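Next come two complexes, and both contain chain A; in the first it sits with chain B, in the second with chain C.
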Partner chain A sequence: MTWRARLTQIGVALAPIGLTLVMTMFILLLAGADPFEAYGNILSGAFESPKKIADIAVAMVPLLLCSAGMLVTFAAGLWNIGVEGQMIAGALMTTWLVESLTAPAGVILPLSVVAGLIGGALWGLLVGLIRTYGGVNEIFAGLGMNFVASALTNYLIFGPWRPPDGATMSGTDPFPPSAWMPLLGTTRASLVSILLSVIALVGVWLVLRGTYWGLKLRAIGRNIRAAQRLGVSTHRNMILAFIVCGALAGLAGSLQTTAVYRRLIPQISGGYGYLSQLVVLLSGLRAEWVPLVVFFFSAVQVGSPRLELRMQLDSSMGGILQAGIVLFFLLVRGFRERWRAPERPKEE
Partner chain B sequence: MKIQLRDIYKYFGPVRANDGISLEIESGVIHGLLGENGAGKTTLMKILSGYQSADRGTILLNGRPVHFRSPADAIAAGIGMLHQDPLDVPAFSALENLALGSPGGPFLNRARARRTLETLGRRFGFSLDPDAPVSSLTVGERQQLEMVRLLALGVRVIILDEPTTGISAPQKALLFQALHQLSQEGLAVIFVSHKLEEVQELCSRVTVLRQGKVAGELRAPFATDEMVSLMFGQALGTYGRRPIPLGEIILQVENLTVRSPRLELNGVHLTVRAGEVIGLAGLEGSGQRLLMLACAGLQKPHGGRIILGGQDVTGRPYTTFLRHGVAFVPAARLEEGLVPGLTLREHFALAGDTRGFLIRWDEADARAAQMIADFNIVGQADTRVEALSGGNQQRALLALLPERLRLLILEHPTRGLDIASSRWIWHRLLERRERGTAILFTSTDLDELVEYSDRIVVFSGGKMSAPLETSRVTVEELGYLIGGRGL
Partner chain C sequence: MRGRKLLLVMLAVILLAALPLTACKKAGQGEEFVFGVILVGPYNDHGWSEAHYNAGKYVEQHVPGTRMVYLDKLNPADRKGTTLEQVVDDMVADGAKIIFTTSDDFAADTDVVAAKYPDLPFVHISGDHAKTGKAPKNVANYMGQMEYGKAIAGCAAALKTQTKTIGYLGPLVNDETRRLAASAYLGARYCYSKYRGGDPNELRFIVTWIGFWFNIPGVTLDPTEVANDLFNSGVDVLLSGIDTTEAIVVAGQRADKGEKVWAIPYDYENACDVKPEVCLGTPYFNWGPAYVRYVEAVRNGKFKQEWVWDPPYWKDINDHDKSPVGFKMGPALTDAEKKQVEEYIKDLGSGKAKLFVGPLNLQDGTPYLKAGEEAKPDQIWYLPQLLQGMEGASK
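Let's look at the complex of A and B:
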């Protein structure tokens, strides 16, 4: 690569960050706040103590798991917007297990992980079936199933799983301590969760690169008709992709109940499912970039509540930062492709 | 107008598509650009018409250097190109397509477009229905539409890239006549082709490209030998077709009905034996594709039966047909046959044994290396298939087929390929035939049908003729049948 090409590459990588900073700076100025103070607050809010850094790890776990799952469905050319619902389904399955089984931690914790995987997988399977056999676009199928999952959560929290002294928006009663994932020291982070999410991402990376199944998914994603002619059974593999993605999302939901909230709350998915779509887009569908993006998103997530505390700004500034960077990333890439490829025929 | 191309270079990675080409083209002349597949013709013409930029080299118009940054620039300078694959917007009507490309305000000027279409159409004898959606037009009609569009934009140089591929004989005659007329009116016509006869018939000058370089320039009258040796660097060998005894019955089609939104194929009976080659003749869209798709298990029939090796497989899924040793090689290679974005190695991994979890890359690599050598594919194991030339994509498709097949169904197996590649492809197909594979294929090239088929069936408007023994039929008779007479 020539140094010019390399410079362009660096420019293209940094431009979205610069543009996002400029945009948020304007918004902050309009809100009458000092942008640099705000950025400083986010940074200190995210990194000032080991505890905060552990909080970043806590936020990274569901994002890593959901993004890993999304990489699988994206490889097959499917936009699984249903991860949110699949996360919820995993949490519900885990809660059901905890509610109905009394056992020592050594039994219930491994089972809770399995329950999360199964719950999410089932929800993914449903989306997959609706998509392949019902002929409904997976985005609509996924959105529909998300609504069903959150309605079901509310019903369970206010119905069968209602605490004895009355249902509230704060969810079920806390789980018995045997169903609490152990945490690291005095932090909120769980080593098991971290390990599981790292294993999931590495596993997905390996599967997509090096296995027949991964290759088949990529073939389906790029040309479903040709893949079929080459003997790939497209329906089965697409459904499997939904199942695997759902299982990982379900695991994320399960860990939110056992390691973070220690109960089922109404908004158990916390929007991580939707946020992970942004993560995967920003990573350019490449597993290698996911950890970095997830780290950035999580740091913003952990750091931005400080804006509210110290500067009376709304903490949604964090969301604007996250969404802005994705938007500008896509814009810069789009412009670059147009600018780079005048040879492309007009209609492409 | 005089066009000079000077030292044009264009590399695609290791592929030297254009390797220092210089060329002069004058007005009032039909200038042929001849070369086998992958010689670099399309690339050179895309550079001249602003679709691609050269790595190096200059274009001079009347002695002045020009830089085209888009096709619109080139059209403004009077240079327009008709592509090998039409680029129009299929859902629009012919009229809208024409109006889309015209200069003017933000609104489509339908009335003016209609007038243009009528005047120009009349001048060249094109009968185009202005309101027909482009998707319903034949390749030939789309081409006529595109020509009218370019002429309406005032081009003085018109480039046609392999324009006779996929059009009917009358359309071809009309096209050639129009080109003569245009050159007499002082336009420069550049006719890109790999077909010797067409160049001989039409052009008064020809430049032959070989491997990205100019192999030579000739003036009419052209000697075939000379053209061939410039194109290939050597004379062609023929492979010939040995008669072989036919084997057991492989395929029985009984009273088959297949429907598509546009056509119904009705009452088809056909029996095919091991080692037999059946040519499916007819204008495109007469039902051949429906029969092929049904026999490959890719389209469910509405009636009748399909029996493979004695077993009724009517309505069974594609995988059942695969298991019975049936394979289909589509004409749209990158749309239906290969997966753009995946490498040759990945294709061979997919087409091989995919049982197990981890990809056995050593196996896939060995297979890719062997097939690349065996099928003379110009490319490496890690070449993505979309970077291969059409001929090499076709070779790759054939290389991906399973070793043992009972029935091989091919749609236009040599479309867009030069003579040497076509012969080679047929050499490989006939080898399979000698091992007992039955072959069904379509072609619009009557010579190809007569040369390689044992029997030919002719399709016309959803009807299939009784099979004709090739030894007793002539190209002229076939022409009549295809035109719908005698069915």
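Let's look at the complex of A and C:
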């Protein structure tokens, strides 16, 4: 590789960050704020104490799980935008279990994890069936199922599962302590959640990389007709991909109820499903880069409420930072490909 | 794919490199007293949350050396993934010495977080866990006696109605919303008979609950539709019990088409500005003086657990330094009507006019107060049903 190509690469890598910083700086100056103070506040809000770092871990868990699931569906060439709904379905199934079963923690916590997996898997299965046998594009099917899941949550919170004092936006009554995932010390992080998310991501990485099923999925993703001709059962494997992705997302939803909120709240999925699409996109569909991107997104999320507390700035600045990076990353990549195209037309 | 790797490495490097930037904060704060205010809606919502935000500003102006830290829109729709606990942690890190949690919805969370910070005083607005013993010792509850504000609103409605039918756009059904709707009803009956010489039993009072404090599509009834339905069924004065402005907006639209209809908004002093020509007035909260009392109590080491249900300052319910609730007259009242409302306010203050006084039955006919009997505070706070004569669900 020539020094020139290397420079180009560094430039391409840095450009999105630089552009995002310039853009947000401009916005902050317009808002009459000191950009460096703002960046400093985000960083201190995210890293100043071990507790804050634990908060980052809390935010990372659902993103890791959903991203791990998305890697599976992306491998099969499927855009499973339904993770959001699959996450909710896992949370609903877990809440249903907790509401209907009284048992010691040693029984109910493992069952809650299973319930989450099942709930999400069912929701994923539905999207898969609609996609394969209904012939509906998975994006529409997924969005539709997301809508159904969140409407169902609202119905349950304002209906059958509402607290005796009356329904509130803060959700159901807290779960009994037997259904609380134990937390690490005085932090909000749960070791079980962290381990499960790590296991999920490593597992997906291994499966996609080193198993026959992973190979089949990638074959479907590359060229569905060719895969079919080679005797790969495309429908079955696509549905299976949806189920696996759904199960992981459902686990994320389940852990949000037992380890984070300790009850069901409206919008339990918190947009993590949608955010995970960006994570996977930014990671270039590669499991090994997912943790770093997830870490970045989570740190910005944990750090940005500080903007409002300290500087009276709207904390959506954090969202603008995240979105800016994604946007400029795609733009820079797009421009580079365009600019390169005439030079090396035969490469792809 | 090296480009992508580089990108991520750079991200990490930048994050780490910028860390030391943050170390040099926190100097030169002096003897500042920091207090935290947590809002459920936007700080500029022209309603409930704005009234609390203004109270924080009021403290900064009236108690030297104080500074508010606040976070608004703390609800699952606007701020996914942020919990009350995280916000309090941040406020404590900023030096907050007292936290105001200003929504009915924060009741359970306030208890949990207060147990985690046993030395930090909390004031939870509108709850009763300090009274029932559910809350830890460092939680106080505060609420203004909006019952009077609603009674005055009901009075204004009764003076104006031509169809003898008053509507009430209710949020969800609980103790608080039942007693407020009932107060409006009682005020309406009183003024209808006293100032218009009518039989209060010929007055209709229809309550429709939308299901929550504001519109959630797919979950609550749509307040705009409910408002229109109420007007279609003969209501010509609509009182709002919800956080948002649909009642006065719909009344304004219908007035523009030539109908003779009016509205009474809620919570925020200047809510009439939405459509002054149909506005009979606004019962509103004025939290500033109470905030000042709590901040000063903490400063002097005198904060204690209490449950306060604060009456209006009757000498002048619109005195911003003294009265927790007020009523701002609307431009749609005639001068004569304004005088009558003023007289009613005066009589409520002197005790000449009483609000919850028998004979009164609950909606299903169960006796509530014997003739001449006055309700004890708990009987009002925990009003179990609407009152007989009111139309609408009690549960």
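By our rule, the second predicted complex is superposed on the first by the 338 of 348 C-alpha atoms of A that agree within 3 Å, B and C clash if a C-alpha of one lies under 4 Å from a C-alpha of the other, contacts with A are read in each partner's own complex, and residues count from 1 in each chain.
Basically, a contact is a pair of C-beta atoms (placed from the backbone, for glycine too) under 8 Å apart; a residue touches a chain by one contact, two chains touch by 3 or more.
Just so you know, these numbers come straight off a predicted model, no measurement behind them.
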item: Partners on chain A (chain B, chain C) - clash or fit; value: fit
item: Apex chain A: angle to the C-alpha centres of chain B and chain C, given in degrees as a multiple of 10; value: 140
item: Which superposed partner A:S178 touches (first chain B, second chain C, both, neither); value: neither
item: Contacts of A:L43 with chain B and chain C, given as first, second, both or neither; value: second
item: Partner chain in contact with A:R222 - chain B first, chain C second, else both or neither; value: first
item: First, second, both or neither for A:N154, with chain B first and chain C second; value: second
item: Between chain B and chain C, more extensive residue contact with chain A; value: C
item: Partner chain in contact with A:N237 - chain B first, chain C second, else both or neither; value: neither
item: Partner chain in contact with A:Y212 - chain B first, chain C second, else both or neither; value: first
item: Shortest CA-CA distance between chain B and chain C [superposed frame, angstrom]; value: 14
item: Common interface positions of chain A, toward chain B and toward chain C; value: none
item: Complex contact set, residues of chain C against chain A; value: 1-12, 14-15, 18-19, 21-22, 25, 40, 69-72, 75-77, 79-83, 85-87, 89-91, 93-94, 104-106, 108-109, 112, 172-174, 211-213, 216, 218-220
item: Touching residues on chain B, where the partner in the complex is chain A; value: 46, 51-53, 69-71, 83, 87, 89, 318-319, 322, 328, 330, 334-342, 346-347, 349-351, 354-359, 400
item: Contacting residues of chain A [partner chain B, same complex]; value: 210-213, 215-216, 218-219, 222-223, 225-233, 342-343, 345-347
item: Chain A residues touching chain C - in the complex, by the definition given at the top; value: 9-10, 12-14, 16-17, 36, 39-41, 43-45, 47-49, 51, 55, 59, 151, 154-155, 158, 165-171, 173-174, 188, 260-261, 265-267, 270-272, 283-284, 286, 289, 292-293, 296, 299, 301, 305-306, 308-310, 315, 325, 329
